[in-house]
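Letters A, B and C mark the chains in the order given here, with residues in each chain numbered from 1 onward.
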Amino acid sequence: MYLILSSIFFPILAGLFLLIRFRTPLSGENRAVSRKTLTSLIGALLVITAALVVAALMCAKDGFTLFYLTKNLPVCFRIDNVGRLFSMLAVIAIPCAGFFSFAYMKHEARESRYYGFYLLAFGVLNALCFAGNLITFYLFFELLTLSSMPLVLHNGSKEALMAGLKYLFYSLCGAYAALFGIYFLYQNCDSLTFTADGALRASSIAEHGGFLLVTAFVMLLGFGVKAGMFPMHAWLPTAHPVAPAPASAVLSAVIVKAGVLAIIRVVGMFGRDFLRGTWVQTVWLILALITVFMGSLLAYREPVLKKRLAYSTVSQISYILFGLAVMNETSFTGSLMHVLAHGFVKAALFLCAGAIIYKTGKTRVAEMRGIGKEMPLTMWCFTIASLGLIGIPPTGGFVSKWYLALGSLKSGLPVFDVLGPVILLVSAMLTAGYLLPLTIHGFFPGADYDYGGFQKKEPCRLMTVPIVILTMLSVLTGLFPDMVAGIIAMAITGR
Amino acid sequence: MIISVILIPFIAGILVPAMPFQKRWQKEVFLETAVVLNSILVWYLLLHHSDSTFLLAHFTGNLNISFRVDGMSMVFAGLVSALWPFATLYAFEYMTKENNENVFFLFYTLTYGVTLGIALAANLLTMYFFYELLTLVTVPLVMHTLTREAVLASRKYLYYSLGGAAFAFLGLIMVIVYGSTTDFIPGGVLDPAKTAGKTDILLFIYVMAFMGFGVKAAVCPFNSWLPQAGVAPTPVTALLHAVAVVKSGAFAIIRLTYYSFGTDFLKGTWAQDVVMVIVMFTIVYGCSRAVKETHIKRRLAYSTISNLSYILFGVVIMTPLGLVGALTHLVFHAVMKISSFFCAGAVMHQTDRHYVHELDGLGYKMPRVFGIFTISALALMGVPGLAGFVSKWNLAGAAVESGNPLAFGGVACLLVSALLTAIYMLTIVVRAFFPEKDFDYSTISDVRDPGWKMLLPLFVFTLFIILFGVYSQPVVDFFMGVATGAV
Amino acid sequence: MDFICNFPFFSILLSLFSGTVCSVLPAKAAKIVNRVVILAVGLMSAALLLYLLSTGESFIYWMGHFPAPWGNEIRAGVLEAGMALFFCIIMYLSMAGGAHKLPGEVVESKHNLYYILVNLLLSSLLALVYTNDMFTAYVFVEINTISACGLIMIRQVGRTIEAAVRYMIMSLLGSGLLLFGLCIMYDLTGHLLMSNIKESVELIVANGEYQIPLIVSVALMCTGLCIKSALFPFHAWLPDAYGYSTVSSAAILSSLVSKGYIFLLIKIIYRVIGFSVFNSTRMIDVLFVFGLMGMIFGSLSAIKENDIRRMIAFSSVAQIGYIYMGFGMGTQAGMVASIFHILSHAATKSLLFIAAIGLTDVSGGSRRFADLTGSAYRNKWAGVAFTAGSLSMVGVPLFSGFISKLLFAQAAVQVEGKMLASLIVLGISTVLNAVYFMKTVIRIYTATTETPYEGITFRHMKAYAVTLVFFILLNVILGVSSQPVVNMIGQGLAMFA
């Protein structure tokens, strides 16, 4: 119990402390403490938090109730296997991106504010993974939006502020749609504690089945906002380019996954049997596939690198959602694996993009000719991660997509059992189309490349090491899928 | 005893201009003592109430002015008397920048007594009487600055309030004629023998009376006086136009619906549908106007409009749970909104800035005020763990439980409104804490947090916002008792 | 027959003769005589009222002890005595409140003429109240008209003459119609005494004969009195007449003269035609509709007005609309409400006129709202009084206006078909009242920093301030302890039947 609590509240309190103690100095110079102290302090905090989370994952067994919001509304925490999986992703990706930002944020003002909210978001994410019922989840879901919004608008430009607000309002809109559902779920369930096989009362299903389907759909759409599902995906491509690169990495790799986690929970609450074969499933499948295809297409047409990656996230998350919508175990496995695979890959990709921006200031793909010569290590990582995203063996992306396609084919759904894999395949090709040119032009700039201005721009270790770790992990998930699949199998069955 | 809590503010108020105070602090001590004493007295009265009715005067026939403490009056009187001392304290510091303090404090304190009169009234006529009186004693407060704007605002306020009372009056007549008594009795007083065959007319008059009292509760389309009345000094806008006056409207509607006409008579009729649609529309309308508004206090006023309709939404669900939701929001919204208004007032007092776009970067200079503002903003949005979530939860829960399809739409309205609330509140927070990159801090270098008289109330309110958010069970249980008639 | 039964006759004669006496007295003495007469009549009415309450029944007084049909009869019941008492109170207060303005308004040489007219007015009012004879009523209606005209015209400004002429024409039209109606009635019944006519009317109705002439006669009499009491749409003469005459005249005219005619109409309804017969004619619906319209349009005109006294005058149109609405309901309760409103409106309207003059005085005599800004600070008493009057008009509890509204609404609820219309119009009219009265109240309490006008303190207007206090008290008494008054009205109506 204390491990869980401390893994949640230690970073939150630390973040608040940072925000209050090191209120941003008004001019850039007279900082309260030297930058070195600050970064080492935060590094220590990140490591401690990560350690706490790992300890909680390993040791904590029982759930517990912290307090009651109102009668019958407990705030409670519990670690289950789905939560464990997401938590694993978070506990790796967030510190990596955190260390990366020590280098990346060197020239940005108000670092302490950034780190303060970074830690807050970390703690809130942990709480999301460990939440034991829908209300607790909702509580931290809102807090996640609020604490990650300052990361998006950090640099304070007009566009950043607008993007931050857009992110905020999209997310809240989704959260409130979800809350609408929670109100009705509360009336029709005995309790809001998470389960995987439906908590609705039989009598309620008989009485208001139709309305409950609407409710389920509204909740899907609502949480789908966070997951960037069409039609509420527009905040992603706006928010990512303006946020600092490590923030984008976390946003794209982890925070967006909170939406996925939410949807898994919701489907669990309603029960797959209740939803399977209804119009909700059909519409959901359609939306997911539209998003997959549209995201890739938009990414393909996008000239700005970070925005391209953002559209790619839109597309890739809907792979996961598609897998969930198919609603069989194989596709569910695929989805969960894609959570991990995409998390590592996308974090790596964004960090690479960040490194490029940090070193060269270039943001558009067209400017990046020959970048592979200048930053070989970064670009190698970028390439390997790209392969993972496209789904080429031996990366994690291949395994997850394999499962997804397989699950879809096995599902016996009309039309979608074939249409799904086809669209996934087309999208994979588009992915190759928008990622590989960077590698190709980066390493093979062509005959007319001017080698005169050439210089090595490889970034410092603080940047490269996180990138390399994340890249390696993305490959490892593909090399040893059994290990991951094992956990997932536990998540599906062992509860 | 019961009459004394109404009279003490009257006497104290009238003494303010009459007494020869040498120094300002003497006046402050005098007023604060009177108000605090009165509040203590009210609480004593509420906690040790007997069920007897105190008859003050006899009008015609069976119409009389009398007072009684029942569950509803405990809620409203308790709320008002808890907030008033803090608001007075705040006003001491705020009013240093305004003229004519004596007149202000005279009427400000009078209003306390009148509001208690509404809360403690034992029958519809008494309530109506104090309701009209409330309009009259608050007009000078709106008019206080005597600018053209203030005069126009107070005129409008008067027209609307008196006009509304005129239609509420029709409801009073119906209860006199068709009811067995005008006293407040849970479940209503309409006499089935007399009402037979006149249902539609009674319902029509109920809708009229609802709208009439609704004028004070700023129901659309009678809401425009409230934002305009924001020209009054902040203690007035905060306490009266977010709590005392406007909630009197809501309180009167609760009395009318639950204690005079009775929910059995109204539930499931077209009248319920009509008022519910109006209320739902107001919820969304108020919020959307708040989003468009750039003047801070007016924005908060529009927010009040929307939130008052939350309360009314709970009322028109017409189930005990609905009343619980309404009461929860009545109390919790009071704390949240007064807190945010006081923050806005503190900003205006310290910096003379009135518009949202002037707030850039102030969060760093007034961290306490804006920190508290952020908390109240989050609470108003309904973030779990703060008071607003609990009241919205109760409201939505009641709506869902009632099984009325229209009420389901109301839940959707609540959520749309929550989103809009987020938009209009958080844009302020974002501006204050995240100014644009090239913001020049030297423009606000001499801004600082206000003194303790302003901050203390803010801290107390914030404490309660959080306390209600995480531990509201006893309060909600009490409301449940009130709604079911157990208290 | 007790001695006290002579009082009605005495009061009429006393006021009539004092009028004559005044013509030879110097102005100052005339003023004293006038006050004393009003007081004396008031006292007599009060005594009579007490007497009647104790005996519990009305009496008929034969003038000169000639029995009808040769003699002339006076009838006194609770309602008549109460009304006479009330008229005296209002008249006394109005005279007292406007006294200080008189020298400025009327040339010195005409002062005793002024008092003659007031006394004549009083006597004619008393006669209208007490008479039991239609022809006597008609005669005093004319006397009333003439003295009222004189009161309007005595302030010799261009507009008053125009107003007086207008008033004269409209009034004569009204009395003409009344006379026609009377003639037809005489033709039908062969009587002039009210009680006799009533008997015959009952017979005619029972036989089913002469229906149309009867209705025509009723309609003519009603219309005539409506014109005279300025029911919408016959109100065009009113704003000028009330707006430009002397203060006291305005107060008396608005609160008493029109009420005298209305009271006569009540008498005709009850004593001549019979309540049930009257209700069976279409006349009540007509009165009802025009009453409602008056309530709305009077207020609308008042809102548009930019002259405080004309505004108050227009407000009278609305208030008279209330009274006719009460008639139109055709129930006892409606009638009680109407009669109570006669009292309440009289008390309030004269208060407003008197208070308004205090306000205009400290604003350089201007009645335009722009100049009145902040005048309540310059004359605090008038400000408070005007506010009290306005609140009463709007119908705020504690003031008399609230009770009349309450009575009207309660009466309306009992009338199936007219309930919604009257309730809604009542509501709307309250809103409109609030608009123009509260606008004025706020205006006079809006402090201005630079004003060319001097304030006035209590020391310089003792009599005036005291009058105002009495008016407010009268209002509050009617508002707080209305039950005895309402009971009395009910008792009086019962005696009519």
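In this text, a contact is a pair of C-beta atoms (placed from the backbone, for glycine too) under 8 Å apart; a residue touches a chain by one contact, two chains touch by 3 or more.
Treat the numbers as computed from the prediction; the structure is a model and nothing was measured.
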Chain hops separating chain C from chain A, counting only touching neighbours: 2
Centrality ranking, top chain (CA atoms only): B
Centre-to-centre distance between chain C and chain A (centres being mean Cα positions), rounded to whole Å: 83
Whole-Å separation of chain centres (CA-atom averages), chain B against chain C: 44
Chain A, residues touching no fewer than two other chains: none
Chain C residues within the chain B interface of the complex: 391, 394-398, 403, 405-406, 409-410, 412-414, 419-420, 423-424, 426-428, 430-431, 434-435, 438-439, 441-443, 445-447, 480, 482-483, 486
Residue numbers on chain A that touch chain B, as the complex places them: 23-24, 26-27, 67-71, 73, 109, 135, 138-139, 142-143, 146, 150, 153, 155-158, 161, 164-165, 168-169, 172-173, 176-177, 179-180, 183-184, 186-187, 211
Footprint of chain C on chain B - complex, ascending: 57-61, 63, 125, 128-129, 132-133, 136, 139-140, 143, 146, 151, 154-155, 158-159, 162-163, 165-167, 169-170, 173-174, 176-178, 201, 204-205, 208, 212
Residues on chain B engaged by chain A in the complex (per definition of touch): 364, 367, 378, 381-385, 389-390, 393-394, 396-397, 399-401, 408, 411-412, 415-416, 418-419, 422-423, 426-427, 430, 434-437, 439, 441, 469-473, 476-477
